[in-house]
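Should a chain be cited, it is by its letter among A, B and C, assigned in written order, with residues numbered from 1 in that chain.
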Amino acid sequence: MTIEQMIESGALRLFEGGVIDGSVDTSLPLIALNAKRLNAKVAEGLSVRLVVAYTESCQSVVEIDIAQGASVEIVEVYLADSYANITINQAEDSQCKTLSALLSSSNATYTYQLNGRNASNTFDGLFIAIGADHATLNLTTRHLVSDCASRSLIKGVSADRATGEFHGLVYVAPDAQRTDAQQQNRNIELDNSHIVALPQLEIYADDVRCSHGSTVGYSDAEAIFYMRQRGISEADARRLQIEGFVQDVVSRCNVEPVCCLVAEAVTDKLSKI
Amino acid sequence: MLKVENLHASVGDKEILRGINLEVKAGEVHAIMGPNGSGKSTLASVLAGNEKFTVTAGEVTFMGENLLELPIEERARKGLFLGFQYPVEIPGVSMANFMKIAVNEKRKYEGLEPLTAAEFLRLMREKSAVVELDSKLTARAVNEGFSGGEKKKNEIFQMAMLEPKLSILDETDSGLDIDALRIVATGVTRLKTAENATVVITHYQRLLDYIVPDFVHVLYKGRIIYSGDKSLALKLEKEGYDWLINDYKE
Amino acid sequence: MKENNNDIITSLESKEYEYGFTTDIETETLPKGLNEGIVRAISEKKGEPEWMMEYRLKAFRHWQTMSLPTWAHLDIPDIDFQDIIYYAEPKPKKKLGSMDEVDPELKRTFDKLGIPLEEQMALAGVAVDAVMDSVSVKTTFRETLAEKGIIFCSISEAIREYPELVRKYLGSVVSYADNFYSALNAAVFSDGSFCYIPKGVRCPMELSTYFRINAKGTGQFERTLIVADEGSYVSYLEGCTAPQRDENQLHAAVVEIVVENNAEVKYSTVQNWYPGDKEGKGGVYNFVTKRGLCRENARLSWTQVETGSAITWKYPSCVLAGDNSVGEFYSVAMTNNYQQADTGTKMIHLGRNTRSRIVSKGISAGRSQNSYRGLVKIAPKAENARNYSQCDSLLIGDKCGAHTFPHIDCRNKTAMLEHEATTSKISEDQLFYCNQRGISTEDAVGLIVNGYAKEVLAKLPMEFAVEAQKLLAISLEGSVG
């Protein structure tokens, strides 16, 4: 099912921005499709699922304010080459969980501002750059007050002549004590492609637990041997391994029916390697 | 079925196998024993085609073909199965998907149609019963988060799925408690037929209580220095290796 | 417990800079400012050949077209490059024949620094090329080294005595056009060290240069060139101190290292230039370009302990051009009060099977800012390149900053690169544990910091490691109880 079909069948509710409060039916996931500008305010204590999809080339600015105690689950999927700038402001006790899949030559910049204490933020990102793609995922997580937590996992695959870039920054403001911020970035580079990774930390408070890690390439000889010993061809073994590599990001999607679509789109994209 | 003649293999500059001779016929069970570092696991790896090792001399025929010329997966499809001492975790690759590809590749090699999804699931259910493998595990990624015992059961489960002609079980008993050992060992015994053969690499006699060998070989410093029947394993258990290897110590 | 520690952290006074004294000896200086005339004058004073003067002038002309780099995480006050004396030379009373003839004032300076310049040095097995205010004063152990064919002298002397070697290698690793400060250095460098280890020779002793900025208002622009010919080995030590002054002093050095096939160079630095006072007044601005070129199977290891300078801008790097070459960078950078450091490394993998390892330990205290900045670059032809980077930051107090800016750029699919970074503070549990065993908080912090830096300190030659450990403790005083 395509996104359009999901909207038509009533599985997703079109959303063009504005305040999301008790008057809005949030039983279904909301969807912003190829939106050039999306401003949303999620009212106190609400739970919202939001899908932001790009099926045609688009330049987009998204800004979402999440009020105290509200929780938002966002799935962003880039099926067409797009340029997007996403800013999300989180108030006290709010939660935001994002899954972002760049499956095209796209550039996405995410800025999370944790403005209220005890805000929690989870980001799972994936970029797959094939052919002449140039996919760039920028992620800035700004811990502006104390006692917030953020977790991010970004996986990248590049193949052919493509370039994949990850630019990450965890910023911890002065006095944002007891910040717990962890960021992991893993990349696989194939063929003659190019991976750039800049996972950065900028920290101005001392009572913090911050870490990041970034890898390019991984040791696969043993797993490949294992699979071949079971009769699987080397090419299949490598394909399986890459599918497995992105699987944990894909499997964190929690907004049906879009997750199936994301999983299919990922498999489809990987089949072009 | 398998004939190994004067096999030499090394990793880097270090020679590990220094002239192995071994013949395994259909219906037989062989046990290979020996102290740590004698080359037991290397022999298993070399027969399976692990590219980490270089064969420097010798010949191996398997089902009448030169085994050493075949790529890893073809050896497997021909019916050579290696039960790994340390099964590898493959994150994100589900057991079901993994096995489905493996089984159907083998069928393709044998000129058979691939199994349908329903047939495959039935086969999975049937075979997982052989080693009492929790069916939930087959929904997980390959070996990921499996306990030591589950990994070893999973190896025997895969052996059951692939129905190999020759199974080489590399220390399948290590790290197993007594219950898991019994389950794994009876699983292996149940898969035994007159047409297939098993080579068991082990440190301990206790596995051989379940899988009774026709031949026991002692591997030391890359050579088989002694062969006997199942009583040899009992003698080794009691007396250790010293009486055998003294002559070979440098 | 916690409040108690914070009290101690905030209440203690800064430890005064131990090496803050000036030596009262006559110096000969050129007028302030920089123009072609000054560049020519420097070259003439040093009696340099025409090609060297031309090189300086080219560099100067290029420098004029360049602007100050601003990408570092540093707050650099405006520097008036025309308000700096580019050349100061201690005026020798007469030509020096032996150790006894060295200016007693100068000797006292070295004694205060603890440089073992005299006879006991033989026992210590250290040859020192002491650079004071830009001109090499005295080189020891030349004869011992000469027997092995090792050349170890000032760069000025090398330009005169071994022009073909200098001409071949100078600027071959760090071009004058590389950056603003390398251009400035190439134009005005006053002295520095030159070292050549012939083919197959293992240098029998640690070679050491001790730099010290002395004259008021002078910039120091050393130039170091080390060439390790095929199959040779040398361990080179560099120590730096500067007297205490209120105004900021500029230091822009260039170190170039050529590591030929199968050769190995270890370069260790302990830098404790004057960091400024606890209000952030004064201190050295340290803008250094250090880079080595590794040929086949060559190995270059940088180890640095950076505790001084008001501003540090420094990225000792390895260009791994030859197959199977290895680059290493081990760093402890400590900042206190208002110090700022932006330091790290670049590992440029060009050859096959090249390997690099980065271990960086940052320690920030007071109101300081401490950044690790690193680049790991894998070129398309660098098959099977490997890098492992570990960058840890330790924060002491809540007014400082610790930052990590790694850059990974990979163009070969067979590469395996791994970067990890953590940021933490000294745990209350650790302090409590030490306190409970009767160890004061101050000592406990010293212990913990030294333990934290141990992996790097262990890479230093023995006599340096001891000094570095003391420095870490001294530099921290006043930041914690």
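Following the convention adopted for this analysis, a contact is a pair of C-beta atoms (placed from the backbone, for glycine too) under 8 Å apart; a residue touches a chain by one contact, two chains touch by 3 or more.
Note that the coordinates shown come from a computational prediction; the quantities given were computed from them, not determined experimentally.
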Next item on the list: Return the chain whose centre of C-alpha atoms lies at maximal distance from the corresponding centre of chain C.
Entry: B
Notebook entry, point to check: Most C-beta contact pairs, which chains?
Noted result: A-C
Checklist line | Between chain A and chain C, centroid-to-centroid distance (C-alpha), Å | finding: 42
Notebook entry, point to check: What whole-number Å value describes the gap between the mean CA coordinates of chain B and chain C?
Noted result: 57
Item checked: Whole-Å separation of chain centres (CA-atom averages), chain A against chain B -> 43
Check: Where on chain A does chain B make contact in their complex?
Finding: 221-223, 225-234, 236, 240-241, 243-248, 251
Notebook entry, point to check: Which part of chain A faces chain C closely enough to touch in the complex?
Noted result: 174-175, 177, 187, 189-219
Notebook entry, point to check: Which bits of chain C are touching chain A when the two form their complex?
Noted result: 73, 378, 380, 393, 395-425
Checklist line | Contact set on chain B toward chain A in their complex | finding: 48-52, 71-73, 75-77, 81-82, 84, 87-93, 97-99, 101-102, 105-106, 109, 141-142, 158, 162
